[in-house]
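Below you'll find the structures, each written out as structure tokens.
Each of the next two complexes has chain A plus one other chain: chain B in the first, chain C in the second.
Take a look at the complex of A and B:
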């Protein structure tokens, strides 16, 4: 994580995608994810097409495929679950490597695998090319309700701080010989979770006081909106139309 | 009138009934710099929170520049009184320093160029241009303290209230902060345990203990009154009291 950048998901580069207005990227990402989600699982060609476009975007963004692959591990739990479906599902069966599995289950696995990986790739690309403050600005330009934006802003700002606090509490426990091995020794962890909650709550009160002190009246002030230039609109429109078009063709054809 | 503070008979108790302010009277002239000293739990921070209406006194009145600190004047009072909290993580809550510095002026209704000018001017005072676009949790302690100061300077306050401004700073960062504060023209109330800081910045010191003002003296006199210091759990840094022999001197 570079000193000047706000989160580990961001990759510092100077690509066209990095320079795009955040609201444009948000609209594009949403459009792409929705298209991927509604595409019928039998339209294998459509998923191939999505994968090709996403690979192209990754190249244009100068994101290393390795980075994408490592971040994709985040969907591993869902994928692991999906691998069990062919053995659990009922209906028509077939043999794969000598093992009897459900055909419907295989399609189910493919459906989850393809959609999870492609959808996650789109969000990884978004966060790798857009810093969090810009994503928040983009959301507010897109008229996402102010309350939602405030909650997101505070969550991102204080998550790291709360994690730090938890880390310090753990160090303090370890430093005094706490080394839990049995469930009966879990009590200090439970009470530290309680303490963390109280500390976070109190921090919330102090932050609120600091906001009041600077004239906060209950509504977050919003930055003035800036117009996005037409070439970006065209780019976003093209991507969304491409994905949505593919999804619709796939829906009609299957 | 601008920057004049008048506190009369202010009393405040916590919800559990413990009395923290027990009739505080204090008058501060425009442009004056006053140190507020005293033991932990003496009521210093509680008094500070009264100055722009975060807490409301149960008795007594406070006026700032002639404006009573009361609900109908909160907007005006909060513009006039800039409160810099002890923990900078409480003060800096926006994704970047620049947005945090803009928070106050935006609440005052500033937009576009006027807003940018305010923000840039405030950042300039604290030499903060280089960390303006960084998130607060990536700043050093000294940078965070300067950023916190900028978030209230952007409101162009007439009064600055600083709660323990030097706590947790290394000596160079402390020095930079003192030089910045010494250059600011507005009325300043500095809550601190740092007696050399009080001596350097504030010609006048008041001591709060048990919810009352127990002393109101020049800082020079205070530092010579070892009994008064001891009564209020204050102490000169080791070696500064020349009236006794020190083995190392």
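Take a look at the complex of A and C:
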């Protein structure tokens, strides 16, 4: 990942949000999605408020709305499920355009749609403004266990390499006229998966040997955890308080 | 082909369920981290890291299903059989966490149940099924490959069952448990066929070249591995038969209850609000069991399948602990 902005979701920009410390962004994102998740579905105004704040943040981050919209397609399968709910749900029913649907089910659809889309928007904003190594650094500053962080770092470091290896296997198969249409023709794919596993494992062993040669003792040296910038705390705190406050008001009001 | 149990977004299940599944996942992953450290010693970081990258890449393997449509691996059971249940659970968890944090795939508040359904249940439950099935099969490469196929298929079904049970406790919409259970398990029983076939053949390929790397086949004699081979066709036909029988049984259960649209019509105005304060409603989100005529049957089925899946996952966890303890460190 040394080549910089190589992951698909990152948007290279220079905004206040991009410059924020990753640990601050992680805390803010978590605070926002938790608030969204606990907001009762009847509090439609609260969701409108969240959407407005998120739209504002998108603008401040200089992320194009179109980019956000395309990325939101990732939740499409769940949206489809949500759209089915009014028809398969139980309870009191009502007529919409001459079709009988469940009232509770309509609320269920609204609930899943609103929370899934708002939550995903927050996640997309986080990933669009923070590079993966910074996310990992943020997690380690937030005291996630070192072993978990080290393994994750290794995964991210080797992900593109392994994925490229997979890509080369596919190219080689295609070049030899491999075009299966049925699962009974899938043996080459499965064999490639097996070969890729063996290559990955052996690479792990080689990397381990190389690490030992350089004095590895079983613990990774951790990047120095810098002190948290106080000026950023205020912004993060404000966002979290704003969202949590709205959620609490909504909880009390309904 | 998409898997509904995967990468659920925020707000899909109620907050209480998210918190409880989050706590369960935290505890199990804590135990698994300690065990993978014991199992892999100082190799843990590079080996688990790079094989996690392999699982991430394996989810990009698009395999043909039928007439040009494709599916992709989930890899939970495959990881557990190749690397042991604890390491398997860890690396799939890391894949799920990175997908949520760095690729905005799956909600941050949904991480608890996403990790439980996609990493913990498939890895530990799948490994438990693998070990149980292996006892019935001959101790050969063919036996290992067959057991892998069934275990990988079962791991997908168990993930669907786990999701349905969580829906029973924390439904965010009033869809009855049996509707969700029938649809989820039925669909995943079919999706699991591809998972089973690809996982089995992949393990077969590893056995053929580096059989010492297959954690679940360490008891095998490497000399006898040379020949025994399973034909793809035999495998595909066998797998489909098993899955079809299972899907038929499950759909019988689903069809036995009125189908969704009919049910809505049937239930019009039949909601009895007087019943809403029963103990059942205290434990379960009142949605999932609301308005079902045979509530007892539905809860009974949920209880039985839930217990079976929990026992299997617990058995897998137990084996993960025991095998790490008894293994001679020099052989690792």
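One rule holds for everything that comes next: the second predicted complex is superposed on the first by the 249 of 254 C-alpha atoms of A that agree within 3 Å, B and C clash if a C-alpha of one lies under 4 Å from a C-alpha of the other, contacts with A are read in each partner's own complex, and residues count from 1 in each chain.
Basically, contacts are C-beta pairs under 8 Å (C-beta built on N, C-alpha and C of every residue); 3 or more make two chains touch, one makes a residue touch a chain.
Every value quoted in this text rests on a predicted model; they were computed, and no experiment measured them.
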Which superposed partner A:214 touches (first chain B, second chain C, both, neither): first
Contacts of A:156 with chain B and chain C, given as first, second, both or neither: both
First, second, both or neither for A:203, with chain B first and chain C second: both
Partner chain(s) touched by A:78 [first = chain B, second = chain C, both, neither]: second
Touching partner for A:132 - first (chain B), second (chain C), both, neither: both
Which superposed partner A:175 touches (first chain B, second chain C, both, neither): neither
Chain B/chain C common contact set on chain A: 132, 153-154, 156-158, 161, 203, 207, 211-212, 216-217
Residues on chain B engaged by chain A in the complex (per definition of touch): 49, 52-54, 75, 78-79, 81-83, 85, 87, 89-91, 93-96, 99, 102-104, 106-108, 111-112, 133-138, 151-152, 155
In the complex, chain C residues that touch chain A: 2, 4, 7-12, 15, 18, 29, 33, 37, 41-54, 56-58, 60-61, 63-68, 73, 78, 82, 90-91, 94-95, 97-98, 100-105, 107-110, 172-176, 179, 193-194, 197-206, 208-210, 213, 232-233, 236, 260-261, 263-265, 267-269, 271, 287, 290-292
In the complex with chain B, residue positions of chain A that touch it: 3-4, 6, 132-133, 136, 153-154, 156-158, 160-161, 203, 206-207, 209-217, 221-224
Interface residues, chain A side, partner chain C - complex: 7-9, 26, 29-30, 33-34, 36-38, 71, 74-75, 77-78, 81-82, 85, 87-93, 100-102, 104-105, 107-109, 111-112, 114-120, 122-124, 126-127, 132, 135, 139, 145, 147-148, 150-159, 161-163, 165-166, 180-187, 189-198, 200-205, 207-208, 211-212, 216-218, 220
